[in-house]
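So the structure is just underneath, and the comments pick up after that.
Labels for the chains are A, B, C and D, by order of writing; each one numbers its residues from 1.
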Amino acid sequence: MNAILIVEQALNGLQLGVMLFLMAAGLTLVFGIMNLVNLAHGSLYMVGAYLATHFMQTTGSYALGVLFGLGGTLVVGILVEVIALRTLYERDHLDQVLATFGLILFFNELVAILWGRNAIYSSLPQFLSGHVEILPNLNYSLYRLVIIAVGLLVAGLLWYVVTHTRLGMLIRAGASNRTMVAALGVNIRLLYTLVFGFGAALAGLAGLLAAPIFAVQTGMGELILIQVFVVIVIGGIGSIRGAFAGAVIVGMVDTMGRAFLKPTLATVISPSAADSAGPALASMLIYLLMAVVLAIRPQGLFGSRGG
Amino acid sequence: MRATTRVVLAGLLAASFASAPAMAQQKLKIGFITTLSGPGGIIGEHMKNSVELALDHLDRKVGGLATEVIYGDDQQKADVGKQVADEMLKKHQVNFVSGIIWSHVMLAVAPTVTSASTLMIGTNAGPHQLAGELCNENFFTTSWQNDQTPEAMGKYMSDEGLNDVYLMAPNYAAGKDMLTGFKRTFKGRIAGEVYTTVNQPDYQAEIAQLRAKNPKALMVFYPGGMGIQFLKQYSQAGLRGQIPVYSVFTVDEISLPALQHAALGQFETRIWSPDLKNPANQKYVDGYQKKFGKLPPFYGAQSYDGIMLIDSAVRAVKGNLADKKGMIAAMRKANFHSVRGKYTYNHNHFPVQNFYLLKAVAGASVSQPVMEIQKTVFANHKDSYSQDCKMKW
Amino acid sequence: MKRGTTLLIGTLLLFAAIPPIAGWLNEPFYLDLFRRVMIFAIAAASLNLILGYGGMVSFGHAAYLGVGGYAVGILAHYGIDNGYLQWAVAIGASAVVALAIGSISVRTSGIYFIMITLAFTQMLYYLGVSIEEFGGDDGLRLARRSQFGDLLDLANPTLFYYVVLAILVLVVFAIHRLVNSRFGMVIRAARSNEARTQAIGFSPYPYRLAAFVISGAICGLAGALLANHTSFLTPDFMHWTRSGEIMFMVILGGIATSAGPVLGASVLLLLEDLLSAWTVHWQIILGPFLVLVVLFARKGLAGLLARDERHG
Amino acid sequence: MAETLLLVTELRKTFGALRATDGITLDVLAGETHAIIGPNGAGKTTLIAQLAGMLRPDSGRIRFAGEDITPLSAQARSRRGLARSFQITSIYRDFTALDNVALAVQAHAGHSFRFWRPAHEERALRQPAQAILNEVGLAARADVLAANLAHGEQRQLEVAMVLATGPRLLLLDEPVAGMGAEETQRMIEFLARLKGRQTMLLVEHDMDAVFSLADRISVLVYGRVIATGTPAEIRANADVRAAYLGEEVA
């Protein structure tokens, strides 16, 4: 009984982890290659969720929703890159933080104007609702299993692309030496736009996967964004491997903390003290984890560079 | 100093001053503060709509005086709310301040207004301090004290003989107040009590814990977007049919269109519902649907009542806005047609009123549920903090 | 006199003239608005010390507004309303928190520094939200403003206004002295060229940490003032968007200048006041405005002025 | 015989398969000007970085004035009197020339936790700094922003800053790199004036500079010292000619 609960919570942690990974992968590539801090990555997540939901409801087709959601976020990402962010690559982090902070305000308000401030609900497609008995006495949501599968699939694909293809070679080279990539005669602008658009599409994918289980509303990207930053910093900036490890660690720690911290505390301190300390500590846990990791390894678990 | 920069500063300053309207105290000015931007803005929109509807119903003359309502956006932040209140008081020199959704904003705004000897009509938040130690003769509310609604739910669930109830709320002051209120009247066993992080997007971990405890019923407080997320995920986890959910401030006319059938069968307690049968309410709900094309939530109903309460006060003093004592005395009688039906004021200026049990049932279609009153849980219910209020009349 | 200094003095004189002007126009509201502006100018000036001069992009400066504010609020909650004590504790507590945060984060640089300061502030924010004794998310009301015996009565709005102005002048002047002292030269040098700074024999870490602590302490004082200004405290003081706003004030006004934070706080807050009176969708204007400032007015208002100087 | 100021033994540093320094042993005597030459990629810059404490060696020892400084940080070495210039000019571009040098003076004038008095008004910092600027020939450019100085002037400023730390040993990494002929000549003259008063370890490509300035020369090839000796001895050394001046032998 208790073991089953732990397995279930581990699945929940993994599911949160892959979700964070989808966001973190794009963000860490953009960090690593263009040296750009993009706070507006959360807005792309929101855009993905809105577009997918919107098209799902207007066309009535889940597949079309997914298609338009992904494609739309890709386009929005490329537009944002070309219009606003391209000029920021050579600027310092401060400029990037502020400009992308401005983009967050813009996107939140734009979405509010287009779709209103009401949260939008999209239901699970029929073929994905329901539960699977993965262990005796453990029914797990099919949709969440699908999220885990999609996340792991994307992680595998990314790993393959980065380690086995010419594009991946350029990406790795770009992360360590920009001038060299330019010297190879590669159109660096195009590469950047491509990488950014790709990262945006991944954020959009996370958003559209989240849409049927979370509330689709303005500002939905910020909370996950801050968690994703924690992931990237723990994993090491610029490292896909780090992003994956960081995402799974953060997903697990957060979920396990919420589930088991209070009961565990209650065995050590008084239950009423655990009542008030438990939830507070659980919400601070990932930040504590990040502080500890940085105190020991300032460049993150898989980071190569200090800056 | 170079001209360009001087112009920038002077311009900003001048524009800032210029936005102050000319002084003319012939008419009634009401400052209405609510949340108009950000995710909470949807609630503020309903409140603003209801104020406008009330003005329409009064031919834009509250208490017979030409009326100007100035709307202020508190951005759901206490310090901004206080700043807006200061602006209302000092710049617009309003006669009444009304509105306020959030308890923390209310606690910042109400003392500011009342200490400036201006009348304040709260139309939603009811923090216990204002009902108790901080009660003030200049402050009235057309809503409730925060604890009362969960008290009604606790009473109802006790009466139903429910046991092993699992409680969930976000980990902040109102969340704790709500569960405290619930436990004050609920006599059965509590199977577990869980506080989640404010605005947390995923409740899967907590839902798994809850399933493992296998309680007989669940009682939650998840206002706004949190409620939509929680109930959706609860339903997706397949628990909707197994463990019934009771809630306060979680399912309303704002979240119903988003929740759709995930809300069906849900129980809430409340002072008001669109289907309350009285002429004032019918006029309000019909008018609202006609003008804005949707059902109003309780936030709107309370705000509509707020304007009507002011109307009754100004009429009682025949438009003499300097007669604050007279207006306070008039409001204490609650002498107007409230959309919730007749109610009275307790000595702390909080309503003594009925609380009903509501259930989300299928409306025009299954995907458009509406709230329907099932029974009266409390008749003429008083809040639990009034004994701390020293005010006498 | 340099144009930047002229502008700064002009702005401060304008601040000094607000109470009589507001009184004359019978618009006491402007007293509140500009008092708030000045308090945020103090916070922005403190951030400018480490961000502008020290090159440390702290994305968590609102933390000290919160710590300073809660120091006042918590003492008042327990009935201690002696202003000297409250403000001293506000400054001290902020310095201690800055020391704790700084000792870990100052070791890092670049994006890691930005993120770790953000993360620590999030921790404090959630702590503030969950401590029920001090109101949690509902906030904490300040029954009385800080008491300074017969010397100062902050309940008098005009007097309180001038107290804030005096502190602002003092802070701006002190930071001006600080950045030109030996200490200031070291943190500016470390920002300009870290490898060179180490090569000539400085260890930047203790100097940066000291600057971080001083900055936190000053911002804590701003927090104490803000708590007195609003008479109310919530964890929102520490919300991460608040950190972003303070940062924007510094950039808008002009980074690493004395006048910058004062100008930036004035323009941003007045602009917000104007825009929000005009439309509820004001953020859709403010957002792109922010982007444009960063892209095209990199040196802020004070920088625009420097350009004037070269041509004229 | 003069005392040994710097003694390097068996210094090794590898980057992956590349042996940047492959067991370098080297000594610098007090008062001498010791030059290090070698073809590109011989490990000269890596050696300087290890001597200055900006790179950790994999193995080997560095003794300075009788003390093992191998584990010390760059700033600690600087405080002991080991100062370096950078091959790529490393100055404070947004400070004036005088401020640049004054900072270097300040670094060796007690701690800098002094918060109030403007550093600009401290004669104890400004006077020595101005004196050094005069010495390197930048007297007239004291109040110019370093970024606005000509390239050659920036190189001079770089050396001035290093001198201002009052070093016992000056590590000069290609001081005339990228300079025009006239500027190079001025720099060589300046270093010649310094010679004898100041112990120097000079890494340089410009052979005229090296052979006119150095008391001794060490030749570095593939991370190893293949010869050390007076300029005359080095000129005559067959190994050097073979390895370094290859085509001349052929």
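Simple rule for what comes next: a residue touches a chain if its C-beta (ideal position, glycine included) is under 8 Å from a C-beta of that chain, and two chains touch if they have at least 3 such contacts.
Not measured: the values here are computed from a predicted model.
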Core chain by centroid distance, with centroids computed from Cα atoms only: C
Chain whose Cα centroid lies at the greatest distance from that of chain C: D
Of A-C and A-B, pair with higher C-beta contact tally: A-C
Chain centre separation (chain A, chain B; CA means) in Å: 35
Inter-centroid spacing, chain C versus chain A (mean Cα positions, whole Å): 32
Where chain A and chain D are represented by their mean Cα positions, the distance between them in whole Å: 48
Rounded Å distance, chain B centre to chain D centre (Cα mean): 74
Residues within chain C bordering two or more other chains: 126, 129-130, 132, 281, 283
In chain B, residues with contacts to at least two other chains: 37, 41, 171, 195, 197
Multi-partner residues of chain D (at least 2 other chains): none
Topology of the chain contact graph, where touching chains are joined (line, ring, star, complete, other): other
Interchain pairs in contact, sorted by label: A-B, A-C, B-C, C-D
Complex interface listing, chain A residues touching chain C: 31, 37, 84, 87-88, 91-95, 97-99, 101-110, 112-113, 226, 229-230, 232-233, 237, 276, 279-280, 283-284, 287-288, 290-291, 294-295, 298-300, 306-307
Chain C residues touching chain B - in the complex, by the definition given at the top: 3, 6-7, 10-11, 14, 25-33, 36, 126, 129-130, 132, 135-139, 141, 226, 230-234, 236-237, 239, 263, 266-267, 270-271, 273-274, 276-277, 280-283, 301, 304-305, 308-309, 312
Partner chain D, residues of chain C touching it in the complex: 177-178, 180-186, 188-189, 192-193, 195-203, 207, 210
Touching residues (chain side chain D, partner chain C) in the complex: 52, 54, 73-75, 78-79, 83-84, 86, 90-95, 99, 102-104, 106-108, 112-120, 122, 125, 161-162, 164-165
Sites on chain B touched by chain A in the complex: 37-39, 41-42, 45, 171, 193-197, 199-202, 204-206, 208-209, 212, 225, 228-229, 232-233, 236-238, 254-255, 257-260, 262
